[in-house]
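Below is one structure, written out as structure tokens; the observations come after it.
Naming follows writing order (A, B, C, D and E), and every chain is counted from residue 1.
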Amino acid sequence: MLARIMKNNLLFSIGIIVCSLWIVIAIIAPLITPYSYLGQDLANRFQAPSSLHWFGTDSIGRDVFSRVLIGSRISLIAGLVTIILASFIGMIYGGIAGYIGGLTDEIMMRVSEMVMAFPGIILAMTISAALGPSLYNTLLAMVIIWWPNYARVMRSMVIANKENEYVEAAKSLGASHFRIFFHEIMPNSIGPVLVLATLDFGNAILLFSGLSFLGLGSPPPTPEWGAMVADGVLNFNYWWIGTFPGLAILTMAVGTNFIGDSLRDFLDPRLRKEL
Amino acid sequence: MRDVLLDNEDLLRINNLNVRFRTSEGAFRAVRDVSISIRSGETLGIVGESGSGKSVTALSIMNLIPNPPGEATGDILFNGRNLRNLSPEEVRTIRGNEISMIFQEPMTSLNPIHTCGKQIMEPLLLHKGFTKKEAKVRALELLKMVGIPIPEQRFKEYPHQLSGGMRQRIMIAMALACRPKLLLADEPTTALDVTIQAQILELMKNLRKEIDTAIIMITHDLGIITEMCDRVVVMYAGQVVESSPLKELIKESLHPYTEGLLRSIPTITKEKQRLHTIEGTVPSPFNMPIGCSFQPRCNYSTSLCSEKTPELVHITEERAVRCWRHVNEGKQG
Amino acid sequence: GCGGSKDAATKPEATDGNKQLIMALDPDYETFDPGLAYEVYALLVLHPVYDTLMQFEDNLDAPVYGIAESHEVSQDGLSYTFKLREGIKFSGGNPLTAQDVKWSVERSISLKGNGAFLADGIKSIETPDAKTVVFNLKEQDASFLTKLTYNAFGVIDSKVAMEHGATNAADANTSDKAKLWFDTHSAGSGPYVIESYTPKVEVVLARNQNYWGEAPYYDKVVLKAISDPGTQLMMLEKGDIDIAFNLGPEHVKQIQNKAGIEIKKAQAMTLTFLLMNRDPKIGGPIANPDVQKAIRLVLDYQGMQTIAGEGSITPVAPFQVGFLGTLPPRDPKTAQDVEKAKELMKKAGYEKGFKTTLEVATLAVEGMDLPTLAQKIQNDLLQIGIETEIKPSDIMVALDPYRKGTQALSLWYWGPDYPDPNSQLAFLPGSPVGLRANWTAEMNPKLADLGKKAAVEVDKAARIKYLEEIQTMMDEDSAFNVLLQHARHYATRDNIQGTDYIDLYKINLKNVSAK
Amino acid sequence: MEDSLLVQIQNLKMYFQTEGSLSLHKKYIKAVDDVSFELFKGETFGLVGESGCGKSTLGRTILGLYKPNAGKVIFEGEDIFSFNNKRMKEMRKKIQLIFQDPSASLNPRKTINDILNEPFHIHQVGTKIERKAKIKDLMERVGLSEYHLSRYPHEMSGGQKQRVGIARALALNPKLIICDEPVSALDVSIQAQVINLLEDLQKEYDLTYLFISHNLSVVHHICDRVGVMYLGKLVEIGSHEDIYRNTQHPYAKALISAIPNADPDDRRERILLKGDVPSPANPPSGCRFHTRCPEAIDLCSQEEPLLKEVFAGHCAACHLVK
Amino acid sequence: MGLLKYIARRLLFLTFLVIGVSLVVFIISHSVPSDPVLANLSQRNMDNPEMVETFKAKWGLDKPLYTQYFIYVGNLVKGDMGTSIRTQRPVMEDLKDYFPATIELALFSILIAVLFGMLFGIISAIKRNSATDQLIRGISVLGVSVPSFWLGLMFLLLFYVKLGIAPGPGRISPYLAPPVGVTNLYVIDALLAGNWNLAVDALQHLLLPGLVLGSFTMGLITRTTRSSLLEVMSLDFIRTARAKGLTEKMIIVRHALGNALIPVVTVIGIGFGNLLGGMVLVETIFAWPGIGQYAYKAAGNLDFPAIIGVSILISINYVVINLVVDILYGILDPRVRYR
């Protein structure tokens, strides 16, 4: 399937290539970084990109290239963790709401709507200001912001699926609610949620970098891309400090979104024929 | 060609229509060498199982096969012009004007965001150059004609505010707006309840008398065919397997499939007895049997049947069949 | 008005034919109520609006008269009598009287705002006549005249203020309703009045038509709130603004040779220092005086000065160069002694090092990003095995544990409360800042005692002696490690003058004019 | 006849709430409104009527899938709604359901083997080997081969899928099977195969069918007795002969006359009804059919006719029927 | 009828929302380890217990938590959101000052996003699988993938610093005075005042941040318009329209677009909601004196009255936007029934 989609779809191919590249980089980063990502060298601060420092150096003489490479790990992990946790929570929550229905559903959905209405970034900033910035707190905030999306999708899937005749068949055979929920409804509802989750990966990376730009990620000297762009804003005149980490975010997000966009079309049966 | 047509008084003649679809699972021929003709004022029925190519044939006449993935070849002669050689512009002036079509799903075939009135007026404004006022008058007439009570009100309503039967009437009104010479009705009643279906069929019968339109009636319900049609074409796996005047077909069907079909339908007039069945299932379009497509399910099949594909041969002037059993008769006849 | 220019990138001559000064800064002010404001940039705005009895002109050596004409100090040093200048009117037209002075100061005291402590020493205020004000103090105070330069002593038109709900009653901190009015209006006698204030956008000062002195050059002064130094720089280069006030050392480098721009550099009074808690329960290994000394020795001051930019220096103790009695700064080239630091660590029993947290507020001090400096310190401390995890937080959040003394190791900055070395005695053991490191008087009684003596000493030579001794001792044993005394970098268009730096006001807007 | 009584449905009412659960003004769809009839052992009872008249709802309520608003379903002498969970589960073995849409009634993610294993698994019946043998047997009975077991539903044709559905219904040896339009979605040629299969199985296992359909020809073919529903009400019940030859209720008459007939010689007079079926949320007063009834009299709009026995075993609810 | 009832229900939900949101922030505010209120006291006053007490009393911090909350809600009903610890101004006043700037920017960027997004989406759908289509899809993906804070930085560097063709940060050029506040949307106010130059200047200042902020929404709208239009084009009623003999253009304009717009409206709503979140980043870069910056500062300083105020404001906005979207839905789609 992969090969077939790739053959006909330029964007998808680019996406696959870019993403694989980043994943490989993240895995082997410590082996290929020319300098330590923490190594300071005040004598060589603010060096413009050169053959020695491909992406230049920052305000305390660290090699931006090495930091960008190592930074890929944090971004990937942050994206993954957020998506996995948020989709897990969302699936359970939305699943229960959709399955039980009625008043429970109404209340549960209002609550999730409340979470959605709540300005997530402010929540994240408040949490981080109160508890101190750390990767965990930021991820926590991201999960809190994100799960209602999945809850909504899961709920609508469950509601659609619980009307299915095979569910009624199981009921008429005397299956318990547990069995109906986990054996009949869940497996058939999970697909779109998982698809959404995969497609959301780029967005999670974007949000994470946005938060870390605001100083909410792990504390320095962790090489987070968002924080590095913030560093670039601080040192406005040395364009390379902010430009390269920003490009890194961009390429990773573009890569996953190219894949996501093409997959979305592919998975949508109405649009499938065009691929 | 033209001379032939004039001779035959045919309104529409389809010659060797083939439609290929390219899908992700591969390419296949949905319609294979179909030739059909219909005279003015005549009602022709097309029966066949699901997927046998009935709708695709009808859509080909309208030049509405999505391309890609579809790809049609063959001639479709309407009133002496080959529709397949016309420019898209010319085809458009015929569509909805001289030939119009009613679809199976009245629920989805109307645009949900426009009022019924607006949708009926549309072909009038387009083809007949009516002013809005004239078109409205005509649309109200049409609504009355298809038996819609309080047409003034329905005119303003949206499709979702109407019942299925009502919507199908709107579709019919729309199709008849420009007094077409040919009406294609693709399973116009399948989605409807029995009593509503009866209303619609009655309506169509009356309209046929009134406006003298040739109708191609597509269905898989032989009951409807018997009630409505003068002539029948039976399709199986993309091919025409039998073509005959209704009465003769009912009396004696030539193709084994037609025969099986007729016998496997329970009717309330028949005595309660075990139903005749055609064993097996319709072949997948990707995996057509060699030779006659019906041969794996046929009780009369011989080795010849699984080797060579039979041609559609005329047994009499009016009757044709695609079966080795009748090939010789046909050749003689 | 219908001014403006089609070309947004070049500043037009003047809007409405008026002379206008535009200054960009990263402001911290939240109010322009002279009784409440006590922020770094408060006086930048309030000094040209509210006259004070005393003021500074070019340097912080000694205050000069503002609206006071003369003053007398009683023999016991507890009573200060000021004569006011003749003919001073408020912007609203009312004459300024001694009563207004008394009312204004009393209001500041009653409002209990952040700056009110400057008036703590005042016992009573008397107004024998309309032009005479007498301040009776509780005890002698060598810095009283200096304190009078602050806006807490700014003279408000009491009639106008009372019309808008202001009061000098003892319960003013709840009954005074004028704060909001003062944010967008003014009732002073200075050369400018506050024309408008849009928080986070701009403050506009307009010429006071009733000003008693020489009229200022500009009709309008617009202070634009632009927090990003990079943006300030861009706008200065484009000529959109006249003064870019919050440039970091790095930004200045970028415009070194640009035409039309004048780079300004001055010694600021701001210190950056490391707090090392003396309480073992909080500080752990950090509390060990030997470890603290080792830290002092292992840091690379030269590197830090590079980061802080040209002109920054490292005093040996929390006393700014420029104040009376301050010792010469460290020589950054020789100050670092890693071997000795290692020995000290060994002596303290932490040869292998330890782990701790380095707390830092996320802000820039004189254009230098504190977290960046924290990373430098983190790097240096590794040399003696101290592994630190940086914990950044917003200043308002960080202040609380800092003041409660619950931070083990933290990076802070300090600006003097008023321009006098006495303000720095807070760093001594047992004093407010000292206590934030849980450095109690008992831990170094001699030092604490010296501090007390220095505070009340009026004789200049004796004062210098005490201060020098304090600094020498603090170089040996201190819970603080002063890292930097910053330089202030800013830039102006080169067609204006009178923009010299003075730490109290930043720029004395009264004096700015076109060349 | 009494001893062969299997199910007795008494005054069953099933209303669906339509307004949101938080709303104060509750609105109902009276999907099944006061329906009573009996099912006898070994018979096939046909239920016909137009779309939305409550056929499926009635079937599902009898199965105990819905909790009715009123009425009883007495199965082998006991009201199933008085059962506790455990007994209900036991009872489930005895009544089974076959659905209209063979694709929708099979979980697309399970193999045929999984699907057929499910009833045994739920009720903890038999060992692994016994189950395997039983499944093999079932497959044979419905005319499928063992190699189909490892397939997924989407890999099978409609007729085959419907056979799987039937096999699943048979797994626990039920007494009653509710067939909800089991052949409507099938092609004509396949429809006959399934009907024959259902007939064969009935003979073999002594099954009782409640056969729901809107295809009157099929009902005529397969059913012993027929009930005609209109808007949640049962308007006529009788043996299949009587219903088709001696129709009493005007609605039933119209329904039967409306069937398109493939026999060109049999041209009966067609009774055409006006208008559409009214909404069950807001049914007409009196006789629910009076708005479309060609024979309606004044009384019809005022008073609701009760189901009256016209002659032995044949009831109709119409004021005009004597 | 149904619509009014629906609106009433949503407004009822709004009350719950306000209570919920304020409660959440309230609880967080009292579970944080540090005391932000005291941090606002001067260094000297900190050491004076009497001052601390007076201060606490002034802010009502001496009362138990639930009392504080009830007082808060009580005041809220009267339109009083308390006083910001940081700015010492009534939060309501602060919001009145900051919010219009945000709204102006948000409206502008949504305008850009909708205009271009729909245009691109339609072109892309019509020419699907062509090079144009691939290009537009690429751009739209780029739009949703580009980090706004970075794009803002790059735009400023390029268009303002290097090329000098765009104005710098802020709402208007520094030498111009803001217009007299009627709506506090500068462009509109300037136009109302007849000050054409000022309006142009304000509009120019909106351009870069508007583009940066709108890029995500634009990408989203392009993508949705495209797929929605493609989907609609495959529906039955389009076939009906073809069968009527309409030209392809007529079909798209009269039959497909109206239907395709329905899901786009939802996306516009989502986009608008996102905008308010993304504001924080963009406002920081462009020195835009809006609610985002205010919120950023408030959150950083744990200025809880302000945080609650902003949160309530943004939540209400979210609900109102959704309500508008739902009503629009009803206008676009006659099938919609409100429940």
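In the analysis below, contacts are C-beta pairs under 8 Å (C-beta built on N, C-alpha and C of every residue); 3 or more make two chains touch, one makes a residue touch a chain.
Computed from a predicted model, the values in this text were never measured in an experiment.
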item	value
Set of chains whose contacts include both subunit C and subunit A	E
Centroid comparison with subunit D (C-alpha atoms), farthest chain	C
Centroid-based (C-alpha) most distant chain relative to subunit B	C
Between the pairs B-D and B-E, the one where more C-beta pairs touch	B-D
Subunit A and subunit E, separation of their C-alpha mean positions in angstrom	22
Approximate Å spacing (C-alpha centroids) for the pair subunit A, subunit D	50
Separation of mean Cα positions, subunit D and subunit C [Å, integer]	88
Subunit D and subunit E: spacing of chain centres that average the CA atoms, whole Å	54
Per-residue multi-chain contacts in subunit C, two or more chains	228, 231, 234, 362, 394, 397
Junction residues of subunit E - those touching two or more other chains	34, 284-285, 300-302
Residues of subunit C touching subunit A in the complex	228-231, 233-234, 248, 250-251, 253-254, 300, 303, 306-307, 362, 364, 369, 371-372, 374-376, 378-379, 389-394, 397
Contact footprint of subunit B on subunit E as seen in their complex	235-237, 239-247, 250, 254-255, 258-259, 332-335
Subunit C - residues contacting subunit E, complex	1-6, 8-9, 11-12, 15, 20, 22, 24, 30-31, 36, 38, 112-117, 120, 173-174, 179-180, 183, 198-201, 204, 222, 224-228, 231, 234-235, 237-238, 240-241, 362, 394-401, 403, 417, 432
Contacting residues of subunit E [partner subunit C, same complex]	34-36, 38-47, 51, 54, 58, 86-90, 93-94, 97-98, 156, 160-161, 164, 167-171, 173-178, 194-195, 197-198, 200-201, 204-205, 284-285, 287, 289, 293-294, 300-303
Partner subunit E, residues of subunit A touching it in the complex	10-11, 110-111, 113-114, 116-123, 125-127, 129-131, 202-203, 206, 209-210, 213-214, 226, 229-230, 232-233, 236, 239, 242-243, 246, 249-250, 253-254, 256-258, 261, 264-265, 268, 270-271, 274
